[in-house]
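Inspection log for the structure reproduced underneath, given as structure tokens.
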Amino acid sequence: MTATVPLNAYLILSAALFVIGVAGVLIRRNVLVIFMAIELMLNAVNLTFVAFARFLHSMDGQIIVLFVMAVAAAEVAIGLAIIIALHRNKESMNVDEINLLKG
Amino acid sequence: MIWLIPIIPLAGSLIVGLIGRRMPRTLATVIACGTPSLSLLLSVMAFVRLLQMPAEGRLLRSSIGSWIASGDFSVSFGFLFDPLSAIMALVVCGVGLLIHIYSIGYMAEDRDYHRFFALLNLFLAEMLVLVLADNYLLLFVGWEGVGLCSYLLIGFWFERPAAASAGTKAFLVNRIGDGAMVVGLIWMILLFGSVDFQTVLTDAPTVLVYGSVTASLLTLLLFIGATGKSAQLPLYVWLPDAMEGPTPVSALIHAATMVTAGIYLVARSAPLFQLAPVSLEIVAWVGGLTALYAASIALVQTDIKRIIAYSTISQLGYMFLGLGVGAYAAGIFHLMTHAFFKALLFLSAGSVIHALAGEQDIRKMGGLRQFLRVTAGSFLVGALANAGIAPFAGFWSKDEILAAVYASGHGPLWVIGALTAAGTGLYMFRLYFLAFEGKSRLDAHMLSHLHEAPWSMRLPLVLLALGSATVGFVGVPPGSGLLQRFLGPVFPASAHEATAEPTSEVVLAVAVLAMAVGGIVMAYRYYLLDPQRSEALAARYPALYRTFFHKYWVDELYETAVVRPTVTSARTLSELFDARIVDGSVNGIAALAARAGSLLRRLQTGQVPTYILSILVGAVVLLGYLAFSG
Amino acid sequence: MEWLVFVPLAAMALVTAVLVIILRNPVYCALSLVGTFFALSGIYLLLQAQFVAVVQVIVYAGAIMVLFLFVVMLLDLGHELPAWLQRDRPRLLIGAGAVAILLLELVIPVGSWTARAPHGPQTSEVVGAAGNTQLVGRLLFTEFLVPFEITSIILLIAIIGAMVLARR
Amino acid sequence: MELILPQIDWAPFVPLAPVAIGGLTTLTAELFLPPGRKHLVAILSLIALAAAILLSINSWGPVLDPDRRMVRYGIHDSVVLDRFSLFFYLVLGLIGVLTILLSMGYLHNAAPDQGEYYSLVLFSVLGMMLMAAGGDLIVIFLGLETFSLALYTLAGFRKTELRSNESALKYLLLGAFASGFFLYGIALIYGATGTTILRQITAFLADGHPPEPLFLIGGGLLLVGFGFKIASVPFHMWAPDVYEGAPTSVTAFMIAGTKAAAFAAFLRVFLLALPALHMRWSAAIWVLAVLTMTVGNLVALVQSNIKRMFAYSSIAHAGYLLVALVAGGSSGIASILFYLVAYALMNLGAFAVIIAVQDGERERLLLTDYAGLGWQRPVLAACMAVFMFSLSGIPPTAGFMGKLYIFSAALAGDYPGLAVIGVLNSVISVYFYLRVIVIMYMSEAASPLPDRSRGQAPAVPASAAAVLAVLVSVLGTLHLGLFPARLLDLARQSVSVIAG
Amino acid sequence: MSPTGGPILSMLIIIPLCGALVLVCIDGAREALIKRLALAISSLVFLLSLIVYAQFDPATAGMQFVERAPWIDSIGSSYLLGVDGISLPLLLLTTFLTPIAILASFSGITSRVKAYMICMLLLQAGMIGVFVALDLILFYLFWEGMLIPMYFLIGVWGGRRRVYATLKFVLFTMAGSVLMLLAMIAVAFLHQGSTGRSTFDLLELIGGSIPYGTQLWLFAAFALAFAIKVPMFPFHTWLPDAHVEAPTAGSVLLAGVLLKMGTYGFLRFALPLFPEAAAAFTPLISVLAVIGILYGALVAMVQDDLKRLVAYSSVSHLGFVMLGIFAMNVQAVEGSILQMVNHGLSTGALFLLVGMIYERRHTRMIEEFGGLSRVLPRFALCFLVVTMSSIGLPGLNGFVGEFLILAGTFRAHKGFAILAAIGIILAAVYMLWMWQRVMWGQSRRAENLTLNDIGRREMAMLMPIILLILWIGLNPNPLLRRMDASVAQLVEQVAGSPKADLPLLLRGFALQGLQPEFAHAIFTPNSQPRNPCESWN
């Protein structure tokens, strides 16, 4: 066992987190939880960036993470606003009940 | 100048047809009858000029110009006046003129008087184009043109369903023959590069090998055309029905002129036929069989015009018989005499019908002679001529044909011809006796209506009767009469005419004459002396009688074998194949697309998880391919 | 040594992540997510990304999650059925298959990947000398100036959007 | 510690600046304008876009030196200035102008006149421009997020309408999900190459590094992201729902703008950064193209809502564009550029008609609402007909020329099968486009609107701005249909500088 | 440049376009003015086309009145117009029939007159364009563009099932022509590959050496487009629907001109561009043509709608034309071109006549009529002439064309000519049967007895056609002479290619399909690594 954790470990972890996020988006009905799952995906990506940054000796990855966080925050802000607007018109948070538009 | 001969009646037709209604009726009549007179005059003048020429080079030509020129093929509006055309033109114009005059009286009451004369003129024009054309294609113009006129004239009283369908039938049956003829013509172009009589007929011996299949097929195609127009087996069926037209039309078109076009065609193409012995044989047999066949049907018909119509078919059969054995001049001779006496018969019949307010059934007539003396007299002349009783016209020409048949060694055909002669005597005089002699069977209405025809009708009758009685003498003595000598140069030298010894010829003639007289006597006995005996005869041979009476069921046969299958298959094609399969597959493809669209649409559930799944599956597949496909 | 830190953190991240997607109460989900964030923050530290680790806690765990909880509470959302009861089976099966394959597709390449010799300029020494935060700041305002500015616009849009959509 | 600001080449930012400034200005101006004069905000944003267009045109010459391939890079390659970006600036500027014109008519009736609307439009145009010009995957991602976030908001702009809410929510959920993939792709590529800058990635690959699974997966994830944005099957399902629910003017903008921006970035990435992947990608995209065309057209056949029909139609058009992408070659790429212009004109034009013919508050959203329109609004309906003919690719319209180029590129690239599938698809599409005309001209009007052909004047006057948008589009559509050469030359020039 | 020194062909296209523009500006309520103006404009175009006819040099085989201007340089397409002996008759037919069709609409069209007339003028421009365009792309532009006004004519002013008919018409046509477009592009590429010049100039493309296997595919694409337009069996089902539903003028132009575009396309494009493939396809197409002749005639026979009957008769007639074209000798081809004109005249007139009784009785069902000859004598006369022309009565125009076709076909293939001759017989069958049921017999409805005979305006429409029918029948040479040189040149270009029989053709296709690289190109993406940047560096 080497002293340092190899990059692959971080990458596998982040891949697993990403897939968990994807699975969450897929199986959950509650819009908010779906949002959380998406955040999970973005966090997984962040982990990848940081891990690469560490092993490539490049700070770029870390900077990018900051942008991603900003974007994530923005998405959440707008997303929650939409949910609130929606909630005023329809008291449901289940995505499969939001199906006025189809066909 | 020659080209004027057909053009003048054409002009007359246009004038009468388009503006005739707006001019006084007399003027229209004068124009309508004046144009055939002019044509006749011109023909006579041309004929005279022809006679002034040396016998071997009797030929007048005139050309208006090129008609169709395409690539290496060209054909002109050219007319030709040689002895053969001369005879035809004279017959057409002469008989035509008489019938025009006759029609003035016959059609006087008809509201479509102008239309009738316009069509009659048009017919004359087309017929003259047919006989004067110097090439096959122009001949074909006249050929189909007379067909059109015939169609329109048969259907002249188009409001009668029978007339309408008879017209259509005539055109269509003719068209079948014409189709074959067109094929013949295009083949001719391929072979000769031309359709000019001169080129084709001159080059024929070099281009076609004697007895070759090509020669046979080519001539047969032409002959099929001729059988259509000249009402021979198996395309004769239209002619009896054509009697739905006004009687002058029957006289002019369906007896004297148009139906002889086929004879003319074959005679004109004699150099071609001469190269195709098989075709000649077929022509002879078709002619002979038709003659007998039609005569047998004529024996039992009751419609006055139909009897004459079958007689026409039978006589045309004689002509073909003559042509088929190479006796071209004899065929034309019979054509000429036939034109006279058959026109006469028809016009007389017309006169009868006119007098009886349209009645045509001979069983309802009888004893007419006492009321219609001129008519009866002229009919009798015509009947005698038709039956081939010497010295009337029909005797000479028929005799010459049968002599040639015998001379060419066609024994069976001669027998057929002789039998037909007997039949002719029988049916002609059956008709005569039933209609004009014996007791009157007229009803009161007819009797009150009964009157002799006006002068315009009587005059042609008398003239034609004279002609029928005398015109035969142009062919006397047989084989070397005026007519034969005049026509001789037109036909190939190899034509073996009248090679039999004079003595045997006389014997044959007497034999045939005896047969004809026998027929007449039989008619006298069965129909005048003791009408019951005819019925007894019919009862004795019911199958034969029914066969004759129903015209061998040929119409029915065509109906079941040709017409109905065609219509049924057309309906099947239209309703099943076209609508279901061809159109159905088109609509099917469209429906398939719409169906696919609807199915795909159902995937669009409106639910986010579905969409996510779609993206996910897409991504998985895509990644799988991109990263792991090697 | 690092393993001792990494393994628990990784385990925690995974467990909390799974909890996020299987817990039925959204509030618990959110709290689990906070756990994930913290675990990741720890891993960032392990990866010598101190600034990111701090921002992770402040922005994510602090701001975003509070927002989430706020909305959850505000809208008073009920529970939902467990995943395996709520959907039609085929879709679930396909989804499960797809997720599994996706996992393989991601894990195999990243797991088997052998890093090349690092060639970036920011070696541990450089970073150590300059300090992580300073370096981030410097890059942010030089090389990443444009993205940075764009980010500001993104946040502005988010503000406008949230305002437009959420106000009555 | 000293902050050393780099030497900055400002030129690449010049055309972007007016849009960004315009976005901020309209936002501010909205606060200060009295309620009656809010339309000035729209004018202001038009000015900003016009300025951007003018500056782009101005840059076209200087940037391009015929002798050298002139490309200028913004800070750290973040923004690239070349004719490719300029072409897209012009296209996006046009889209922006038309969008604002038709929005003026729409918002007047449909939604409270809100200044934020225009600034959001401007910001999203900015994001699209950044996407087109981005030389760095991160900039491209941020550009994508910029316009996406603005569009999420715009889609939900009629917030009292459940459909609008639903549209925004679906767009956001699915968009964020796809962004996750896209971002993960960037991360993997970053890991594999050590950089996110396109030029460096190219250099890295050209150095003899074979593409590894990590890189391939990264590329694939990018493809998923792009596929989502251009609404390619099977990543397309958001589009119909979002397009239907969003306010009509926004739908128009999304249909035209998103596609252009996404394709701009797609092309740049596809052509510049990843030539090594080309072979495999084109096989994948071949399949995507066929699926996209076919599914789009088939489902559009059975639609009854006009916006939804356009949504599927836009999916199908993405398929055609992908055909050209597969075909590649300078003519293929140029044909994409040309087609995007034609596409923008005909779609925006059609939507402008939809807005111009709305009947007071009532929008005509069902196809049946258009019955008899041809005689009630002859000019607008005729323009609609032109757009329909153009969309179905019947000459003499821009749509025809666009298809001509695309399919000739496909043939040039040796993809006859793709070309055949493409043209057959366009035949399918004829049906539903012509159905609009059928309904307009060949069925009887149900509504009591006056019939112009019988000499009656229309009841509700159409918005002048929307009509202007219609006219601009229709003239453009016909002009490009008859005289396409100029634009095609521009497209070719733009493409010729992209390599390097 | 044309001998007149002016761009007369462009004028022919532009005048109706400008006319349409003028009409747009006129108040739709002034219908009388609009009608007259449209008639005047289209008549003006006809007069101009007479100048083309008069100044046409029959001795020149090549294109005359050529106009060339740059258009889309980047793909090598240019604005290129010209006429030769093949297109001249059709051009004249178009300009001749349009005013008549417009005149025919004066009474039949009562609503939306302005839009209608605009469509008519646009249609005229499009049709003329098709016959004079010599650049493939330009041709395609007119070819498809012309669909638009026709689409409206059928769809707006048509009968009960007009929408179905018009969509079917457009979709069918499009389905064929898009593949042709691809083939056109392919031709240009192949030419570019061998000469380095990118062009869509037809005259330059002819004579290029396209490999045999490729020719087969390209020819098939062209042939499909044209065969649908002709329409050849089995692509004909759009025609009856379109004809039945179209307004009278629409049917007139559809039958009179539009169908000719297909046959013209074969002559102008498909044959000279792909002579070897054309030779290989000859048996197949001839067989289809013969089937079309017989099939169209048989199906026409049992139709009970007059327009449908005439429509199917077109299938039959056009079969003749196709047969003649593929006989590939001077007579047959000239006959075909002449027959195109003839069919345009006679079928156009038939539709006019059917339209006239439709206007009077509002039905086209044969069973509704009967005995019309009595009530409508003038009508009957005109109808008769046209009917006879249609069934090819010698002395009228139809005969000349049919005869030349048959003569030429017989040269090439005896069997087909004989079968086609059966078609002549059948033509008489369905036409005369129809005539018998409609014009003869007793009227089956009392309404028929009070109909008005055709008036002066209707005579004005029919007389020119009837005169031409007679004139061409008696003197076809002026037209034939003008075709001679061009047709001879065409035949020379095309003939001499070895003819293949049907199995050989199929085998040719199969081999093509089985060749790995070919199958690959058709069914799978290109596997060769292809650097997209290569062409730019």
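To keep things simple, chains are lettered A, B, C, D and E as they appear, and every chain counts its residues starting from 1.
We take it that a residue touches a chain if its C-beta (ideal position, glycine included) is under 8 Å from a C-beta of that chain, and two chains touch if they have at least 3 such contacts.
Because the structure is predicted, anything quoted here is derived from the model rather than measured.
Common partners of subunit B and subunit E, by the touch rule above, are D. The chain occupying the central position, as judged from C-alpha centroids, is E. Chain centres computed from CA atoms place B at the largest separation from subunit A. Chain pairs C-D and B-C differ in how many C-beta pairs are in contact, and the one with more is C-D. Each chain gets a centre from the mean of its Cα atoms; the one farthest from the centre of subunit E is C.
Centre-to-centre separation between subunit A and subunit C, using Cα means, comes to 6 Å. The distance from the centre of subunit A to the centre of subunit E, with each centre set as the mean of the Cα atoms, comes to 63 Å.
If you average the CA atoms of subunit A and of subunit D, the two centres end up 27 Å from each other.
Mean C-alpha positions place subunit A and subunit B at a centre distance of 97 Å. Multi-chain contact residues of subunit D, defined as those touching 2 or more other chains: 138, 142, 145, 149, 152-153, 156, 159, 168, 170, 173, 177, 188, 191, 194, 213, 216-217, 240-241, 283, 303, 431. Taken residue by residue, subunit B touches two or more other chains at 590, 601, 604, 606, 608-610, 612-613, 616-617, 619, 623, 627-628, whereas all remaining positions touch fewer. The residues of subunit E that reach two or more other chains are 171, listed in rising order. Contact annotation for chain pairs lists A-B, A-C, A-D, B-C, B-D, B-E, C-D, D-E, with touch applied as defined. Here subunit A touches subunit D in the complex through residues 11, 18, 21-22, 25, 31, 34-35, 38, 41-42, 44-45, 48-49, 51-52, 56, 58, 60-61, 64, 67-68, 71, 74-75, 78-79, 82-83, 85-86, 88-90, 95, 98-103, going by the rule given at the top. The touching residues of subunit D, counted against subunit B in their complex, run 170, 173-174, 177-178, 181, 213, 216-217, 219-221, 223-224, 227-228, 233-235, 237-238, 240-241, 277, 280-281, 283-284, 295, 298-303, 428, 431. By the touch criterion stated above, subunit C contacts subunit B in their complex at residues 87, 91, 94-95, 98-99, 101-102, 105, 109. Interface of subunit A with subunit B (complex): residues 22, 25-27, 29, 34, 95-96, 98-103. By the touch criterion stated above, subunit C contacts subunit A in their complex at residues 1-3, 6, 10, 13-14, 17-18, 20-21, 26, 29-30, 33, 36-37, 40, 43-44, 46-49, 51-52, 55-56, 59-60, 63-64, 67-68, 71-72, 74-75, 77, 80-81, 83, 86-87, 92, 95, 99, 102-103, 106-107, 110-113, 115, 118-124, 126-127, 132, 135-136, 139-140, 143-144, 147-148, 151, 154-155, 157-159, 161-166, 168.
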